[in-house]
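I have a structure here, written as structure tokens, and I will follow up with some questions on it.
By letter and in written order, the chains are A, B and C; residue numbering begins at 1 in each of them.
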Amino acid sequence: MKSRLAPYLQTAPSMLWLGLFFIVPLVAIVSISLMTGNSIDGYNLTWNFSVFPDALDQYSPQLGRSFLYGGISTLLALVAMYPVAYWIAFHGGRRKSLFLFLLLLPFLVSFIIRILTWQFILSDEGIVLGTLKDIGILGENAHILSTPAAVVTGLTYDALPWMALPIYVALEKIDRDLVEAAGDLYASGYQQFRRIIVPLSAPGIYAGILLVGISNIGDYLSAQILGGPSTTMIGNIIQTQYVQNGDFPVASALSLMLMMALLLCVFVYAWVFGTRTIQEYA
Amino acid sequence: MAGKGTSSDSARPVRSRPWARFVLPTYVALIMAYTLVPIAVMILYTFNKAPNQRLTFSWHGFTTEWYSKVFQVADLTQSLWHSLEVAVISSIIATALGTPAALALARRKFRGRGLIDLVVITNLTAPTVVVGASLLGFFIALSIPRGLTTILIAHVAFNVAIVIIVVQARVSGFDESLEEAAADLGAPPWVAFWKVTMPLILPGIFSAFLLSFALSIDDYIITSFVAGQTLTFPLWVAGAVKVGIPPQVFVMGTLIFVSGVLIALASLVLQRWGDHGKAETAGS
Amino acid sequence: MTQPRYSRRQVMKGAAGAALSLSLAQLIAACGLPGTRDTGWEAGYDWDAWWKKQKQNGHLNFASWPLYIDTEGGKHPSLQKFTKETGIDVTYSPVIQDNAAFFSQISPVLQNGQSIGYDLIVMSNGWQLTQLMQNRWLIPLDHSRLPNFEKYAGTVATDLAYDPHNTYCAVWQAGVTAIAYDEKQVDGPIDSIEALFDPKYKGKVGMLSDPDELGTAGLIALGIDPQTSTYSDWKKAAALLTKQRDQGIVRQYYDNSYIKALEDGDLAITQAYSGDVFQANNSGYPNLKFVIPKEGAVLWRDNSVIPYHAANPVDALEWINFYYEPEIQALIADWVNYVSPVPAAKPIIANQLDDPTVANSPLVFPSEAELARLKEYPLTETIKTHEQWVGLFDPIIQS
């Protein structure tokens, strides 16, 4: 166990797997993205670098929209869940695990069913819209399904538990004596919160943002099921180009650009907070 | 991930203020209710007497028909089995591969760790659509036909990183001198490992396994790329959206939900019991 | 679901072999991905001789679309009858939900020269079916074993623009893509395709997300016959459809889920397939109306075809022959309510099955005059025209 070789032997199997089925495919799509051709005659590597500016040019609205929807839903989830995580951590008392359990209940329902139920809830004549129309708040033709609002609703809902969890863990770790001490020193509740609790829970906040942001920016199921004519996200394009149209180079180029943009965010994060924190909260 | 940090110290509430006593709990209750709405909708619609064997928004009357016919959509049932099969096997493989790596990363300093950390983090943060698309490109380039095997490969690939992270987090706080002491007392390294280390890290391994299982059974995006003609539960449901979802989908969702709740409650009760017992022995 | 066990083992072997033979350098230097051209059977192959050697195996793997065969209590009476009479047992898999998606699943397998695990699949006429034929990925039908087809197939099944001699295709069912609307949400009956472009129904109009359907609707609205249309016509249609989207008229581009949206009242008017509306009428939505607009509509056909490498080709032929029997066709047509390829099934549905609504429906048994009003999709026979078409209409759908 103590030999110098041991750590390499221990890490080798998993790294081999990740190398073969994660790193190599990533490298492979670099080469695929530079190919030209079609599905009948095949694709040849022609070092066609123009695929990147071309794809960016054609699909920048969808790319931008992905970051917009991903960003809004992440922010909404943060605003919604921080107080909840805070309350459970500091005022949950003896029922803490019960509250946490309630919060995580959506995990027990399949992701796709969760999205589908929103189709029912937001239906034009449904519980929400039907009622609003009956009282006359909304016009007869108003609808939420097939609009950006529906997509963001779906994305946000899905993000709630993922956002709450790391924040809760961070809040739990805060030393209660520190908060008490601040109170004893006549810090107001607001000051206590702003000066002590928020900074100390920051790693949790950022872990939540990262976790939720990345998966929401790359999502395409919400847009596919809840979206409309102008809510296509970059994930939908990648999926259609790859699976439906068989346009591998464009799909690969878009995947790479999305990955690069997100990695940039991650590295900025790592640079600011250190890599360890991601691992602790992920 | 969840049960962490419920130490008795942090259970002591911070001095309450009015807004913390009234406003905040109301808000928390509202948000919690909100998160439960879709679950309620799912359960409600399993009882809708839907015509044409598919779910519709309008209410056609109460029925329990779909519960008695839950396994009558043959290929839906089969897709659920595929999902379970993939989730179990991929979680086992991922746990077996990831645990030794996590141990090494948590307890040893060695050249190349930084690189391994980087690979793991990139894997965790790579958008699923990119992971799926790149794997598909890889399988296409090598003319590997897609099916259950490729789904399994993909699921292990995203679960390994999860296992490494979760197990590592559990192990890093653990006191290595215990194992050394056992070795000093003449226990062979493997015995020391099994008798001393293993029991301590077992909860970590178990939670890593559960998390892998949950992620695997729920994955839609990566699977949709590498599945070929094989359908898992999420894939089947997503496909059925096009022609109408049979109520059985929500019934299965409800059954999974209910059994999940029961298992979780049982473990909560057991835990409470265990704690109680411990407290008593400590007190006596 | 779907692929039988043996091919899963093949998959494993293939995966293991490929993984071993892999090296990173090889992969990056790999100068391309192979195309599908000439990956089917060799031109000039003697299929007559081949068919003579084939025998019935007693099993059939049949891949079709959901809700596309008579169903009772989870079982399919027509298939049960078939098994009883021929001893061939059938594995029926309703796995096809989209032509392009299904094609992308089977294409790499066929390209590798392997069996896709099905002996019979149902594909709509369109680019994917054209490719299956052009790549020689389909086994030509042995018409000597299809006496019922010769005897009972109607005009819908025999006069195929894309396969004039029924070399590969036996029509399963046909259908019309036209307009459906919710009586409660529109004023008065609708008879023109212009209604899809009427700002009055802003946000309540559904269009189909299949580029073929969307593009053809644009052409028909412009009064252009899709079959003889040119690239410049396509551009005009794309401009019209883009305008329709940008004015906020289109609520969403739907796959088959448009019917749920229509039933739920989310849509007032939509592009629609004939059989769906018929089925909805019979299950509690009499307010939905289907209409073939005065400008015309497209008649499409779903075809049973035998993929190359199929393990049980004779069993597949037996089934094709069996479902062209008027009694069997009556069972199926009475349930799916699409256009039946066998006119002789009409009196059987009217009398024996006592279902005059279906028997007298012009959407199940259209008259020759009605058929003459219907149009064909534009024929895209080369990858270039296909890319032009998709390049115009895909960006409208995925904006």
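Quick note on the criterion: contacts are C-beta pairs under 8 Å (C-beta built on N, C-alpha and C of every residue); 3 or more make two chains touch, one makes a residue touch a chain.
Predicted, not measured: the structure shown is a model, and the values here were computed from it.
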item: Pair of chains whose C-beta contact count is the highest in the structure; value: A-B
item: From subunit A, the most remote chain by mean C-alpha position; value: C
item: Averaged-CA centre spacing for the pair subunit C and subunit A, given as whole angstrom; value: 37
item: Centre distance in Å when subunit B and subunit C are each reduced to the mean of their C-alpha atoms; value: 39
item: Centroid distance [mean C-alpha coordinates] between subunit B and subunit A, Å; value: 17
item: Set of subunit A residues in contact with two or more other chains; value: 24, 28, 32, 123, 125-126, 243, 248
item: Residue list for subunit B, restricted to those that touch at least two other chains; value: 57-58, 140-141, 153, 241
item: Multi-partner residues of subunit C (each touching 2 or more other chains); value: 22, 27, 30, 33-34, 98, 264
item: For the subunit B and subunit C complex, residues of the former touching the latter; value: 51-52, 54, 56-58, 60, 69, 72-75, 78-79, 82, 140-150, 153, 228-231, 239-244
item: Subunit A-touching residues of subunit C, taken from the complex the two chains share; value: 19, 22, 24, 27-28, 30-37, 98, 100-101, 104, 107, 131, 135, 202-204, 245, 250-253, 264-266, 383, 387, 390, 394-395, 397-399
item: Residues on subunit B engaged by subunit A in the complex (per definition of touch); value: 1-6, 9-17, 19-20, 24-25, 27-28, 31-32, 35-39, 41-42, 45, 55, 57-58, 97-98, 100-101, 103-105, 108, 110, 112-113, 116-117, 119-131, 133-138, 140-141, 153-154, 156-157, 160-161, 164-165, 168-169, 189, 193, 214, 217-218, 220-221, 224-225, 233-234, 237-238, 241, 245, 249-250, 253, 256-257, 260-261, 264, 268, 271
item: In the complex, subunit C residues that touch subunit B; value: 1-3, 7-8, 10-12, 14-15, 18, 22, 27, 30, 33-34, 65-67, 73-74, 93-95, 97-98, 105-106, 108-109, 111-112, 114, 116-117, 255-257, 259-260, 263-264, 279-280, 283-284
item: Subunit C partner contacts - residues on subunit A that touch it in the complex; value: 20, 24, 27-28, 30-32, 35, 37-45, 58, 61-62, 123-126, 141, 143, 145-146, 227-230, 232, 236-237, 240, 243-246, 248
